[in-house]
Structure formats: structure tokens, C-alpha cells
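Both complexes below contain subunit A, partnered by subunit B and then by subunit C.
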Partner chain A sequence: MIYAILRRFGQMLFVMFGISVIVFLIFFATPGADPAARIAGRNASPEVLEAVRHSFGFDRPLYVQYVTMMEKIFVTGDLTSFVNRGWKVVPAVMDSIPVTLSLVFGAAILWVVVSIVIGIVAAATRDSWLDRLLMALGLLGISMPVYWLGEVMNLITQSRYHDSWAFSWVPPLGYKNFSDDPKGWFLTLVIPWITLAILYIGIYGRVLRAAIIESLQEDYIRTARAKGLSETRILLRHALRTSLIAFVTLFGLDFGALVGGSALLTEVVFGLHGIGKLTYDALQNLDLPMIMATVMYASMFVVVANAVVDFVYILLDPRLRTS
Partner chain B sequence: MSNQVAAMSRRTRGPWAVAFAKLARNRAAMASLAVFLLIVLACFSAPLYANWAGTDPFASTLDAVIQIDGADVAVMEQSTEGLGLGYTPIGPTWRLGNYFLGADSQGRDVMARMLYGGLSSLLISGAATIFTLILGTAAGLVAGYFGGITDTVLSRFLDVLWAFPIYLLAISLAIVTISQGISIGPIEIESGSLWLPVIIIGIVYVPYVARPIRGQVLSLRHSEFVLAAINLGVPGWRILWRDILPNITTTLIVFIPLMMALNMLTESALSFLSIGVQPPAASWGTIIQDGQALLYTRPLVALAPGLAIAISVMTLNVFGDGLRDALDPRSKVRLGRD
Partner chain C sequence: MILSVRDLKVSFRTDDGLVRAIDGVSFDLAESEILGVVGESGSGKTVSLLAVMGLITDPNAVIEGSIRYKGRELVGLPPRELRRLRGNEIAMIFQDPMTALTPVYTIGWQIAEQIRAHRNISKSKAMERVEELLAEVNFPNPHEAMSRYPHQLSGGMRQRAVIAMALSCNPALLVADEPTTALDVTVQAGILDLVRKLRATHKSAVVFITHDMGVVSELADRVMVMYAGRIVERGSRTALFSDPRHPYTRALLGSIPPLTGAKPRRLPAIPGSPPSLLRLPQGCAFGPRCPVRYEPCLTGKPDLGAATHAAACYRVAQA
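After this line comes the complex of A and B, so read on.
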């Protein structure tokens, strides 16, 4: 088991290194234009360009530049924005992390609970109108752009039906710190959580339904029936438990991807000042150092999150310990 | 001769015919295909529509005046709220060819922009799908067939790319190329070009195709007919082309609609983040972004393109599922997104 964990750990380090090299090459070695001009942003003066060239070591070999960049992002953290002069990028990223995590964890809880319920109900009522309806809705959830869904939610809860009894509790867009105002924190995040969870509920409900139906064909289910167990018990105790393996694997993959993808778009629509909003604002004014930092931190988080899921998995599933 | 072939095919139908018949029996898949083709047709008629409606969907027309039931109506209405300084674009007139879905903040006909936007969304996702399939197949074939150090290097590279969150990779690629374009040797792509999103989306999904293809090629490589060919001294490229490629064709075909759906979502998201299609060109993503500012006053500007994306992606997914069930029921091609 130690070997399996070490192996996975080594793999994680390799992927982290690989991603950092790719980011470096994209930002500093993409052919077509002077990287200093890109980093300094629009209409940079010659002095600024010279300063950028000097501080990133563009006159030196590539590997020195790589080390310089990594040092600026992860060690000294003195990467500064050139669009917002002198703005330290790394602290800004750090400040935004709790917002993104609040959004992502809440949505994950919601999507796991709801999709398990949907998967069970759909599998239990297989081929009925309820099953068909749930699966069609799941497909719709997968097919909608998340930021668009967010706008529809805003339109309903902030504008059109805000004065009705159903949505009068929805606070204006924005984020409240958990430590200052726990209730406000919860209320501002409810709609973003639902929005983000809807797409994943679609996928997971479908996956779980398929896995349950597949496991209902297994021999041990027949044995359970022969023992005279009730259908509910067979479904919940025998079929569901094995089906959750596929579910957990998927969850590990998607939870990480969520941080670097849909959560970003959700933050933009709901004005939550997380990493996604930070990236979005930086994209609008071509603030490359900021994007470098957000991309690097977010993808490192994703890689670590995936590895953690795998560690848990190794602990849970004895078969993985030896391979 | 042709009668003979027809007679033979009636007796023993080939796998393609069987698959096609199975697909044709799947009503949901066929209906989805029909709806999607209708959307494609509508989008490709965008220039015709704009011409017929006499509107330029790329030029700002703030002072335009249109005729509704014989009365002159300004496209931009003086705002009645607050100090009355702002202007609100007109809402939907529900008259085809005459601001059917209303105007956007620059007085442009939203319906015409929708069609043009759909055209670029479809073209970009289609081209990106082809790009991904070619690159992914090439990488998968080479890695799976030649093995050894080639496989190790390629596979590790694909692993890293796979672990890189799609949108973050796409954002990085987009932000460095968006302002100054890119030039690799003789190929030069300007900053506003539609090829940029094609290449970016094409690259980020390569591992999604290459990894399963590599696995298939690897098992085919050790199958008896390939070993026989190798021992007969058939050159490697010929084996790849004649023995291996035909065996992965079904997988590749199954990828097309699912990939296309994924690409449409990615393209629109990048355009929404303003790093995809650049103004004045439109895509469904950019129109949603334009509509964000008008969300509470003229919600249709943002709602219509989103609905178009959702319908296109949904029909592609349903059709893709049907295609997979017909061609390759055991395949593990997953419907999903990040």
C-alpha cells in the first residue's frame, strides 16, 4: 500500500512539473511576439518593457527564465501586475481562494446528494415515465452553458420574481465572508450552488442509474433475492454500494476540473470574487502576470485534489493496493 | 453487376448497414439529428437573412428607425427610468426580418446576429472537432503502434495535458495569442482570426481522443492479423493504414457528435470570457456576453443564444448516444464536460 501511495505521489509531482513547464512555454516561448510586450500589457512604455525584460530574465537562457518565474509565483510571491501598477498578484490569489472553495464544496455536496437520489429513483422506476423525465432533465442539465443558466437564475431571482415570496430572501449579488456573516454567506451562495450543481447532477444521475442497472444483473443480487431480501434492501445495500465505485472515480476527476472550469464561469455571473472572477477581470485587461498566477495555482490545486481522491481510493479499495 | 451487389447485400448485410438500420430505428436520435440539421441550415442562411432583412449585423446602427404597422419606431428608445439619459434597445417585434428578437445595445438586429453567431459557433466547433480527431488519432496511432520510448514520451505528455484543467489551458493559450496572434514558421494567424479558437479548442481536447485510441491500437497491435502482417514484412505505415485505422473508424465516428457538443460549449464559454470570437464578429457566446448588460431590461438578447446552444448541444448528445449504441455499443466514450 505504501508503494502504491508513493507511486501516485511521484506521478503527482511529475504532472505538476509538466504543467508548470507547459504554462511557462505558453507564456514565455509562444512564437509570434515579444513575451515582455505581452506581459507588460497594452501601451507599455519602453522603460516598463525594459524592467519586465530584466526582472523576468528574458536576456538569459530558457531554464533560468523558468526558475525565475517559478520563484516569483511560488517562493517569493513578488509577481506584480503591470496593468494595475505594483499590485502584488500572489496575495490577491490567496485572498480569493476561500470564495472559490466555498462555492465548489457547497455545490459538490448538493450535486452528490441530489444525484444519488435521482440515480436511485431512476434505476428503481426503470423505463417508467419518471425515469425518462429524470434522464431527459439530466441531459438538459449537461447541455446548458453554466454561465447562461446563471444569468437565467439571476433574471428570475434578482429581477422578475425577486418581489415574490419565493425569492424575496435572495440577497443582491456578491460574496459575504463566512466569519463576518455566516447567514449572509449561506444565502448569497445558495443560488450559485444550485446553478453549478445542476450540470453535474445531470451527469452523475445518469452514470449512477446505468451503474445500478448494470449491477442488478450480478450474481450476488440473485443470491440476495434468493435469500428473500426486500427489493428496497437489495437496491440500497447491495446494488447501490458497488455502483458508488464508478461514482467516486468520476467525482475525483470532476471535482478538480470544476475548480478550473465551470466554477470560474459561475463566479463571473454571480459576482463572487474568487479565482475565477480574478481571472476574468485579468482577461478583460490583458493582465498576464495575474493570469499566470491564477492558472498556476488553480491547476496545481486540481492536480493535488485528484491525487488526494486517489489516495482515499487506495485506502478504500484493497484491489488497488497491489497493482 | 450492381444488381448482383444489391442482391448480395440483401442476403448478408454488412456491419455498416446493420448499424445504420439500428440508428434509423432510434426515433430520439433521428429526431435530434433532424433538429440539429435544421439549426445548421438556418445558420448557414445567415447572409441570406441579413440581406433580405436589409440589416448589417456587424455595424452599430444606433439611429436606425424601423417601420412597424406603418409607424416609425426608433431602434433605440429613450430610457424612461431615472434621469432618462440612457437608451434602451427595442424589444422583440416578432416580425421576421424586422428586428424579430429586438436590438442589442448597439442597435443591431439580434436575430441576424444569432444566425451569424450560430454560423461561427458551428464552423469553429466543427473545424476544432476535425483538428482534434486528426491530432488525437495520429498521436494515439503512433504511441500505441510503435511503443517503446516514443510511447513513453507521448503518453507522459498526454497525461500532463489530460491533468491540465481544460479551461485553464485554453485561457493560457488564448490570452497569449489574442492580442498579437501567433506565427509558427510560415503559418501566421492574426489576432482576430476565427482559426485561433479552432486551434485552441482543438489542442485542449487531444488527450480525450488520443488516450482511448492508443489503448485500442495497443490491443490491435498484438492481435493475430497484425502480427501476421508484421511477420510477412508489411511496412509499418501500411499496417497502420490498412489494418489498424479501419478498426478504429467506428470509435472515431462515435467521437464526432459528442466532441462537437463539447466543443460548442467550450467555444461559447471562451467567447463569453471574451477570449474566443473577437468583435465585431459574433458567436452565441459573445451575444450572451453582450446581453449580460441588458439582462433585466431586454433578457431575450442573452436568453435566445443560450437556448440555441442548449438545443444544439442536447440534440448532438442524443444523436451521439444513438450513434454509439448503433456502431459501438461496448465503447466507453463518456458523455460529459468539465
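After this line comes the complex of A and C, so read on.
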């Protein structure tokens, strides 16, 4: 167990190192993009350029710059933005993490629960009108772009029907800290959770339905029927368990990516200043320190999410347990 | 009679029309009797017994005829009622022990699940029973085996676990669908011994499906030979092996290498292959492959008749 954790940790360090090097090199190797010229602005005189170059340390060898940057992120934590000088990057990331985690965790709970129910119901009633209806709704959910859906949600809940009884509880856009105002935190996030979850409910419901139907063809399901078990028990105890593996795999990938910043569109639409928004803004101004910090954070989460997925695999399938 | 099947017909609706997989099968089974059902793949031996178990779940299947278990009609019985019989009074052992057990539960759990589905007893009582059952099917260390997952056991051990599961509720009827086919020869012998022993201890009647004439000759009291969804010959084991009447039975027995006498240069094989159920020949289904066919075989389907040792063949009826 300890060995497994250490191995994961080593893997995480390796991934983070690799990604940091690549991000770093891309920044400096982007053709025609002298970072000093970018920071100094258009029509800067050569003297100004030189001063900028010296001031940001761009005149030092690349590996020195790399090591300095890593030291500032992980050891001293006082890395500052290239764009807004003096803006500390690490605290900015730390402030954004709870926003993104709140959004993604809530949506994940919603989509896992709902899609498992949908997958089971659709598989149990396969080829019936209910199954077709659920799958059509799922496809609809997948097809709606999240930025569009988010805006429509806002239009309905914030503007057109805000005064009706149905949506008068919806607070204005923005994030409220859980520690300051738990109720406000919950209420502001309900609509974003639903918006983000709808896409994944569609995907996961369909994936789970297909996996359950596939495992219902297995020989051991016939054995379970021969044992005289009820159809419900066969479905929930014998078919579902083995079908969850594909589901968990997908979840690990999606969850890691979302926590790492892929929830950007949802964050922007609902005015939540999370990691996605932070990364997006940093990319807009090619703010290397900020990009570096958010990417490090994201890669850490992807590796952690994968480790959790592997752990769940072992819980689900005893064949993967090696003694 | 434990089981009495009359004129059982199973058809499947397909894009090419109705395909009749079982065409008028009738047989009886007495208490603690072993009936061997022999035939090639696709001859309908498994489908007919799945119909008895009520395990044909294909919505396109049509089942006609009568299946009586202890006098009770099973065809058309509501699924709930059928479920109460299945695993409890009628149990089944499947061909491939590698895939017949759910991979994510211990065998102890899976056997206890069946017991608790039919008996109102506590978990610990069920587990005690599981241990007894595993000991009965010759697990060397039954207590430890209970907590094993299927993938941790060998094929033979898994089949023993499946048998223990089938026996868990003392079924009056045990259907074994080629239980030895997927196993090594030495393991096969052990399983056959076990079936024989269990017939004695549990008094279960057994329907033993196989394509292996050798297994039938060792185990069965009576034998039923199937071809293209029909019974072509039926009789006691001794009668059938000493005096095979249907040309198909003869051909099957002729293709087994003799243990005594001169070694044949080449083993005889039956020419051709079994007919597709979609395009059964007119007349006798075995006709096109039959060495002794004559005019009546081309048009009529011979009946089996009612005799204890009977063959569905015009040549036999003639003789």
C-alpha cells in the first residue's frame, strides 16, 4: 500500500516535471515571440527592451530561468505575474481552487447519481419507449454546448422568469464562500451544477446502458437466472457491478480534466472565478508564471484522479487484486 | 414422473421467417434417473432443456407444447412462479465453468445467494451450508474455498463450485449442459464420478447433455439422440449401444475408435454437415447424409413411435 502510494507520488512528480518543461519551452520557443517584446509592448525602444529583458531575467540561460521559476512556485511561493507585476501567482491559484472544486464536485455528484439511475432504468427497459426517451434526452444533453445552455439558463433564471415563483430563489451570478454563507454557496451553484452535469449525464447514461446490456449477455447472468434470482437482483448485483468499470474509467478522465480547468466555459458563463477562468486569462496575455502555476495544479489533479480510479477498480474487480 | 415433456416446439422469429429449433420433442424422466441427451452442435439439445428451465429469454422465441414438472405445467407459468422452481427444484450446470460464475463475488457468496433466494435462513446458517456443500463436492479445503473468487480456482474446481451451487437447494431435477466438455480428461472423470455419487445421495434426476458418446455410455440410464431439433432415437443405454437402430446413431457409434480388434485404417465419418434450420430438407432431416435412404425418406418425416426403444426411421419401421 505504502509502495503504491509512493509510486503514484513519483509518477505525479514525473508528470509534473515533464509538463512544466514543455510549457516552459513552448513559451520561449513560440516563433517570433520574444517574451520581452511582448511585455514591453509595441514600439518599445531597444533600451526599454533591454531593461525589460534584464528585469525579468530573460537574459539568463534558460535552465537557470526554469529552476528559478520552479523554486518560486514550490519553495518560496512568491512567483509574480509577468503581466501584472507584483501580483502573486500562488495565492491567486489558491483562491480559485475552492471555486472550481465546488463547481466540479457538485456537478460530479449530480451526474454520477443521475446517470447511474438513467443507465439502469434504460438497460432494464431496453427497446421500450422509456429507454428510447431517456436515450434521446441523453443525446440532447450531449448535443447542447455548455456555453449556450449556460446562457439560456441565465436568461431564464436571472432575467425572464426570475420574478416567477420557480426561480426567485436564484441569487445573482458570482461565487459565495462556503465558510461565509453556506446557503448562498449552495444556491449560487445549483444552476451551474445542473448546466455542467447535463452533458455528462447524457454521456455516462448512454455508456452505462451499453455496458449493462453487454454484460447481460454474459454466461454468468444465465447462471444467475438459473439460480432463480429476481431480475432486479440480477441487474443490480450481477450486471451493474461489472459494468461500472467503463464508467469509472471515463469518470477519472473527465473529473481530472474538469478540476484542472476544463470547466472554463461554465465558470465564465456563471461568473465563477475558478481555475479555468484564471488559466484562460493567463493564456490570453501569455502570462507564463500564471500558466505554469495552473498547469502544475491541473496535472497534479489528473494524476490524483487516476490514482483514485485505479483504487476504485480494485474495489470493483477482485481480479485486479494481486496478493 | 418428475418431468414429462410432450410435443415441445421452440421457434425463433428471424428476418428469414420462423425458424423451428425444436420440433416435437417428447420425453419422460423418472425419479433419480439419468437421461443422456446426445447430438451435434445445433441439434437442439441445449435449447430444449433451456426451455424446460424457462431460461429462453429471447423475446422472439415461441414455445409450444407441454412441459410438466411433477404434474405441474411449466409452459405459460408466470415468471415469478417459474423463478421459485428454478435453482430450487430444478437446477442447472453449465458448459463453461470459466464464465458461468460472476467474476466479482466469492464462490461462497454466490452459493449462499442461491440458498437465501429460496430458503428463509440467516447468512451464517447459509454459509455453514455452503461449507458442507463444498466438502460434498470434494473441495480439499472447503472453508478456505468459500472466500475464493472464481478466477483463483482451476476449471475443475470452478465446475465443482457450480455443481455445489446447483445442489444447494436439493433439486429434484438437475440439468447438466455438457458439464465436462471444457475440462481436461482427468478432471472430467472426477466430475462424472461426482454426478453419479450425487444421484445416489441427493436422489436427483439428471438430464445430461453431451456430444460425447463415451460419457453417455458410462453414465446414462436412458439415452435420447437428437438431430436437427427432433429426437431420432431413444432407448435404454444397453439397448441403444448394443442395438443402435437409426442410421445416425449407428454412424455416431461407428465414428468412435474401437478399443479391441483390428485397428481401422480410417475412422468412418458422417458425410456432409448438419442442415441449416432455415433450410431443412423435405422429408427426413438426416436424409441427405443417410447411407440407406430410399424414396419415402424424401417426402415424409418418420415418427418416433411409442416403444421404449424407438427410432424415427422408415427403414427401422419397415424391418
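Convention: the second predicted complex is superposed on the first by the 260 of 323 C-alpha atoms of A that agree within 3 Å, B and C clash if a C-alpha of one lies under 4 Å from a C-alpha of the other, contacts with A are read in each partner's own complex, and residues count from 1 in each chain.
FYI, a contact is a pair of C-beta atoms (placed from the backbone, for glycine too) under 8 Å apart; a residue touches a chain by one contact, two chains touch by 3 or more.
Keep in mind it's a predicted model, so treat the numbers as computed, not measured.
Visitor: If subunit A is used to align the two complexes, do subunit B and subunit C fit next to each other or clash?
Guide: Superposition check on subunit A shows subunit B and subunit C fit without a clash.
Visitor: Taking the superposition as given, does A:I203 touch the first partner, subunit B, the second, subunit C, both, or neither?
Guide: Only subunit B is touched by A:I203; subunit C is not.
Visitor: Once the structures are superposed on A, label A:M144 by its partner contacts, choosing first (subunit B), second (subunit C), both or neither.
Guide: first
Visitor: Let me test your reading of the model: by the given contact rule, A:A124 touches which partner, first (subunit B), second (subunit C), both or neither?
Guide: In the superposition, A:A124 contacts neither subunit B nor subunit C.
Visitor: Quick check for you: in the superposed arrangement, does A:G228 touch first (subunit B), second (subunit C), both or neither?
Guide: second
Visitor: Can you tell me whether subunit B or subunit C touches more residues on subunit A?
Guide: Of subunit B and subunit C, B contacts more residues of subunit A.
Visitor: Tell me which partner A:N306 touches in the superposition: subunit B (first), subunit C (second), both or neither.
Guide: So A:N306 only meets subunit B here.
Visitor: Would you sort A:R241 into first (subunit B), second (subunit C), both or neither based on which partner it touches?
Guide: After superposition on chain A, A:R241 lies in contact with subunit C alone.
Visitor: Minimum C-alpha distance between subunit B and subunit C after superposition, to be given in whole Å.
Guide: Once the two complexes are overlaid, subunit B and subunit C approach no closer than 15 Å between C-alpha atoms.
Visitor: Give every residue of subunit B touching subunit A within the complex, in rising order.
Guide: 156-157, 159-161, 163-169, 171-173, 175-184, 188, 261, 265, 268-269, 272-275, 285, 288, 291-292, 295-296, 299, 302-303, 305-306, 309-311, 313-314, 317-318, 335-338
Visitor: Across the complex, what residues on subunit A touch subunit B?
Guide: Per the touch definition, subunit A meets subunit B at residues 14-15, 18-19, 22-23, 26-27, 30-33, 37-38, 42, 139-140, 142-149, 151-152, 154-155, 158-159, 199, 203, 206, 254, 256-262, 264-265, 268, 279-280, 283-284, 286, 288, 291, 295, 298-299, 302-303, 306.
Visitor: In their shared complex, at which residues does subunit A touch subunit C?
Guide: For subunit A paired with subunit C, touching residues are 218-220, 222-231, 233, 237-238, 241-242, 316-319.
Visitor: Okay, in this complex, where on subunit C does subunit A touch?
Guide: 53, 55, 57, 79, 83-88, 91-92, 94, 96, 99-104, 113-114, 117-118, 149, 151, 162, 165-166
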